[in-house]
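One structure coming up, written as structure tokens, with questions to follow.
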């Protein structure tokens, strides 16, 4: 069986990624731009390069409480290699942790297509989109946050997108949705929603939504695994007082088998 | 139980990583420098920033054959979320895949200490180090490559370290070891050995050795997972012809139980 | 924060799982029955106990080619702890590898409900179910196999279900579907389809579909990880000849940045 | 490249594991015995079969606090497939969680060899072994427990080993070590130490130590993942009050870059 791939060619002393020799990329093209190249098959222009770097950086860390970081630290405390602990954290990047980027991007991309086809305004599209989700018993992902009412990462990412001329239909529709929410109750765009809108305006497939978060967060997970391994005692765990058993009380096995 | 961490402070609308507000980092400090900050607790200077970016970029991808990439593609083909497939690849970053960075850095850091204490020359230290490993039945990791006799990544990384004034005792000792090898048989420094020497000259703990490789490779694994999911049929696997069973032939269970 | 759980109570020298002291279970209740207890909250009767053991055993191993086994061996060859290699294999239990159990059980459970409500025959239900899937552009999972036209595991599992009096509506509907297929082209029930039908007749939630496969396969993955670690050279990988690069040929970076 | 394996032969409608047709094993040989077959290459006799089942069963679950269970529940709460959550837990089976089985078995197997060669008594061997570890700054794994002073699982496993005639040099040496400890301070054998001694008396390679624990615990992890997914709200995490940031306070980025 032959494995085909268009990503990297390997020959003796010759390593070519998406058409570029790796020695030409190393030290000349920033890592975030090489990631863009790996995904898109072409190098970003200067604006795209800055935006891509900002997106990944905005995901690096959010303290010890998110499931990914929590899982990495717990596993790191059990006496395993650092990559094993980091991988455990990446496994927690799921539909409700980072997943809003994917879902939100999918919905935005679908409705921007409709909007353009039907020649709707952003306002009308936002209203229809929310009504449509509501009648299906769903909600719009990428809005609201447990802690932050005005997420500083969102504000900065949107400001950059404006400054770099990246802002397009998806960001505008996102802001229209935010305004539509505000008519009844403020539900501001969160960092997932901001990333979803920006990568959509940059032309990325929504199926890559979790990837941007995952790559940035990988940096934070490494830092947490290393802090756990070097600063804490092995085998971190909860005290028994934090646990409550609500299963059945003792049964007599002799009566059952 | 209270979890302590010195990495990121989370308060409403206020996210501070290693002392810097994340909105100040996003778009202003390159991702590789933020990774440096996460690990070291301080921002890199300009030279360190370029070197760090080069190190991570040098690990992004090496085609489909390495265990990490292979594992990611196999798992991606089984119908799982992208992060699950990427995590499977990261699990393959082990003692013989990326691990040479860690082992080589540990040995280099130990012997540079000895060298300085004893006031030895690089040549003498290289000779003693190799003899010492040899008599223990071990070999020096970070030298030689299955395919590349002159790895273009190594050459570029060392040139950059020179240009940026980062080259110090660990890189010099590495080159002395290469020369010592050359007296009997050429065994050039590979990319793992180069990264090990450079991160040691930058003052990183050898226990982080696999982390630089892992973070860079994460970008490539995402690209491979996405290529697999979008270009290949589900459930990639080997043909049966590629497998040879050499276990026992049929036994009669009735005679055994 | 208090974590609630109804599975196991831990007190000094006192470990109670689903109401039974673990020392009473150990050596008295077979492992497969303890698994049944963990999931269902009650011990199986003798028939259920035998069926459960057979189901798990039928998933133990299918050689080196399935994605799970392949991933475990690749990762095991990279110099990692055995559990890390086994976990990599479990990550490959996805929608197209083991996932047919879950999907098939979901569909069977849904249509058996309809069948009973509408008082349909198995034949009619099978026909409607297949037409319904077909018109939605979907296919019925759990039928057909790449290699086996008469999977010996399927035959044995169904024979046992009959013998133990477990056969009910879900197995009968599965056989009716097989007959419906046979009218145009033989597409026999595979082992995933058999397990899906049997666990449905045993009253298990379809969301547990992958769990039975995963637990059984875990035994095989351990054997493969151990065989790889003790019999093979480190860092197993494909030869370069098995790879074909179809990306762009060399580009001049100087022209792009 | 051809992959060799002695575990399972796959041919059309013909699946042979370690020499036995799978349809002969299913429903006739208990799962724990099939696991023994997979590892050892032969079926267990009746005593071995019961002991193997007891060993695996003794590892099934220990509530929500161990790292493996904790990691599985955290990851399960993030919106991922069940196998992904279970794998995250298996990643936590490390040197300080389940790892005592491996380490203890390795030490026992080494010292039983010495004991027999030198014709020492159990008492003398236990004393020398402990002194030897002590002078190396190490401790004997498999003794003492955070909660249990008389682990009910240990007692039951040792009683079974006696009843089944499995008790041999490794269990006897383990008990001699326990008595040696008791001279200064009681440090009873824990369940890891018991399993280590028993698998050693059954002739298993110590490198498989974590595998027995992992397989048994896999059953418990499935139950916890399922309980989390069906009973709890998504995205379990700690409250912010449980976290304390002790990193640097705000720095001015403008002064640093």
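Order of writing sets the labels: A, B, C and D. Residues in every chain begin at 1.
Just so we're on the same page, a contact is a pair of C-beta atoms (placed from the backbone, for glycine too) under 8 Å apart; a residue touches a chain by one contact, two chains touch by 3 or more.
Computed from a prediction, not measured in an experiment: that's the story for all the values here.
Asks: Counting contact pairs by residue number and requiring over half to coincide, which of B-C, A-C or C-D is equivalent to B-D?
Replies: Answer for B-D: the repeating interface is A-C.
Asks: Find the chain most remote from subunit C, comparing centres computed as mean CA coordinates.
Replies: Farthest by centroid: B.
Asks: Please work out the Cα centroid separation of subunit A and subunit B, and write it as a whole number of Å.
Replies: Those two chain centres are 24 Å apart.
Asks: For subunit A versus subunit C, what separation do you get between their C-alpha means, in angstrom?
Replies: Those two chain centres are 30 Å apart.
Asks: In angstrom, rounded to a whole number, how far apart do the mean CA points of subunit A and subunit D lie?
Replies: Those two chain centres are 35 Å apart.
Asks: If I count partner chains per residue in subunit C, which residues reach a count of at least 2?
Replies: 1, 3-10, 21, 25, 29, 63-65, 80-81, 83-84, 87-88, 91, 93-94, 147, 238-240, 242-243, 245
Asks: What residues of subunit A sit close enough to touch subunit B in their complex?
Replies: 1, 3-15, 17, 21-23, 25-27, 29-32, 34-35, 38-39, 50, 53-54, 56-58, 60-65, 73, 81-84, 86-88, 90-91, 93-94, 98, 147-153, 155-157, 160, 205, 207-208, 210-211, 214-216, 218-220, 222-224, 226-227, 229-231, 238-239, 242
Asks: Mind listing the subunit B positions that touch subunit D in their complex?
Replies: 1-10, 16, 18-21, 24-25, 28-29, 41, 43, 80-81, 83-84, 91, 238, 240, 242-251, 253, 256-257
Asks: Going by the contact rule at the top, pick out the subunit B residues touching subunit C in the complex.
Replies: 63-68, 70-71, 74-75, 77-80, 84-85, 87-88, 91-97, 99, 147, 234-240, 243, 245
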